[in-house]
């Protein structure tokens, strides 16, 4: 890993910390808040690509684990990872990985703007939403002893917000690609 | 919160080894999870506040550092008040506030380099397995702590740039320049790390 | 345009950065010098309302920078000490157009004005380039273009020749000399001020001198020698 | 220490930033001037291996900056064009100590050396302060301390007086004059070079002059006037 990679990984972990300064919105019917932080893995995947994006979220997980209050609402520590939302937090790392893998394969620097944005939307949705929900819901149903289905239905409440985040990540991904390209590209 | 800024001092908390402090925090985090008796939680909250102040931080600075998080804790408590019960609201408030105060206490009583040494020690077994370089992990953690205020400072620069040109500040039009400016800073910092030989190759 | 400070004071936290300042500026070419941290940037930011006076008032062309904030700001353009931080969009032409788009201009007019300002500063070839790859001189010119395109009456430049070589420095010097707009320049580059109408010297948050260039620069040298 | 360039060439992407350079530097005080983008920073970065020659070689005290990268880098210290970004940790004393820790020194020795370097530059009072709150002059001094503490034989300064007032500029000038180490300074501040042993002038990626200060500055002025 080059020093530049190391620094970029740290930067996106720091971006997660900053996103965590925005207060979460708690919902009554599911013990999982709406949080700006789920934008982080999408940004990391779209801008840094799979490897560095994944590592940046792992680094963030480490910060959570050593008890720094870096999750929204000033939470942190192993208790959160073991709690009902732990699956989502771990899912962020794999979400960034999947998002990056897709973006690296679909996005080309020479493409027109619309095609780039569409590719980033696909990457951010499959990585940042589908993958994250998968990890999150499996752990949530296990941890809370709920049946799987009600949790799936309840998580529809996150969709509007997360779709907006997909849009933001895609626009940011394409703007950074134009202004300061970093995304590795694979055939 | 994560200014990474310890308060200079020599209180018992400052002298306590980092590992000990982290163990206390983990234990508290797990223990509080099972605790919902207000006769214990309320005094514990008082104790946490006292510990925080014992770092010599001063009331004003203590409030400045925690007010934002405490506000969100209040929001979480309010939601519990509405959706669950007043009792649960107070419990949640105490539980989260204690954790916030303990975490803030550790931040205030522990220098970044002490943190990084400890992380390097924790990562050493992984290094022996060839998975990561321990020194890189601790450097990365130090960098995160360095970047948070840097990102906030860049955000202020961008907000100023918008205002100076009479443009409305929209989250998206702020986000992109924010990322690009911090990426540029990151590149310079990467070069500085190499120039100063911070990583052994 | 009249810039009037009436007992304008600035505190950051508790510390005072600018002691009560009374001043009326009408000249076309105004210079500001002083040691690092003496309050120059703070004073300039008061003029376009980026900093609000803790006490007192500042008016620009009769408009109060607090009460008529938006209108007052529309009349001043500001080039930051580090202009890289003031480019908002990554491509120069997009950045220039962005300022106009928000004023509700039609597409055709935006394009026309963007082209005109790029031509005016001889940087049409930079239009589609990434601003973060620009050299120091290119960044300065790009920032000036992106600010002047919106038609302010007063331009404030905070240390515009900092990282520039002799050639780009001369270019900026000439550009400033040729601007029809009123200009206020903060600088450590004393030669830049020689042809100015009026030079203010700041020291520890106070106005230490207010005179023609020669005399002001003499005072500044004395302060710096302590 | 001998710095030797042998047909060293640098390309970024396809564009050439430094044409094949042959040069041997042994003087104690070396200056570098040239227009923006003429390759000064690139040339300096070759010396401590931050930039690798696309063709040719660079050696420092006999060590190749590519093959013996770490060893060669250990002998040169570099102060960036914007030193604020080279402070890696937020507290000055921690930043200085961190550079030593990675060299595997014992705790007591780290503390001792940190204190000594802070005292050497008269900035012991800044030890526990946050580096991003430093003024321009303080940042420069802090950066110099954090680099010299590791004991390099050669110090490279990239435009060290950029944002400084007359007073801080003089302070840095004196600090440089008093350093026992070999020094290479890139600058647009021509007065800084007057007492130097040798001055290199770059133009469009080539060495345009290599002479004592007076003559070099004359050449530079001619290039800048075109």
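Letters A, B, C and D mark the chains as written, and numbering starts fresh at 1 in each.
What we mean here is this: a contact is a pair of C-beta atoms (placed from the backbone, for glycine too) under 8 Å apart; a residue touches a chain by one contact, two chains touch by 3 or more.
Given the structure is predicted, the values throughout are model-derived calculations rather than measurements.
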| item | value |
| --- | --- |
| B-D against A-B, pair bridged by the larger set of C-beta contacts | A-B |
| Distance between chain centroids, defined by C-alpha means - subunit C, subunit D (Å) | 31 |
| Computed distance of Cα centres, subunit D from subunit B, in Å | 35 |
| Centre-to-centre distance between subunit B and subunit A (centres being mean Cα positions), rounded to whole Å | 20 |
| Inter-chain centre distance, subunit A versus subunit D - centres from mean C-alpha coordinates, in Å | 40 |
| Of all residues in subunit C, the ones touching two or more other chains | 89-90, 132 |
| Subunit B: positions in contact with at least two other chains | 143, 150, 176, 180, 184, 189, 191, 193-194, 199 |
| Per-residue overlap in subunit A, given as positions that touch at least 2 other chains | 175-176, 179-180 |
| All pairs of touching chains, each written as two labels joined by a dash | A-B, A-C, B-C, B-D, C-D |
| Complex contacts: residues of subunit C adjacent to subunit B | 48-50, 70, 73-74, 77-78, 80, 84-90, 98-99, 102-103, 132, 146-147, 150 |
| Complex contacts: residues of subunit A adjacent to subunit B | 1-4, 6-11, 13-15, 17-18, 21, 23-24, 26, 28, 33, 43, 47, 59, 62-63, 66-70, 72-80, 82-83, 168, 171-172, 175-176, 179-180, 182 |
| Subunit D contact footprint on subunit B (complex, rising order) | 3-5, 8, 111-113, 135, 142-143, 145-146, 149-150, 153, 185, 188-189, 191-201 |
| Residue ranges of subunit B touching subunit A (in the complex, touch as defined) | 1-2, 22, 25-26, 29-30, 32-33, 66, 68-73, 75-76, 79-80, 82-84, 96, 99-100, 103-104, 106-107, 119, 136-137, 139-141, 143-144, 147-148, 150-152, 171-172, 175-176, 179-180, 182-184, 186-187, 189-191, 193-194, 199 |
| Partner subunit C, residues of subunit A touching it in the complex | 175-176, 178-180 |
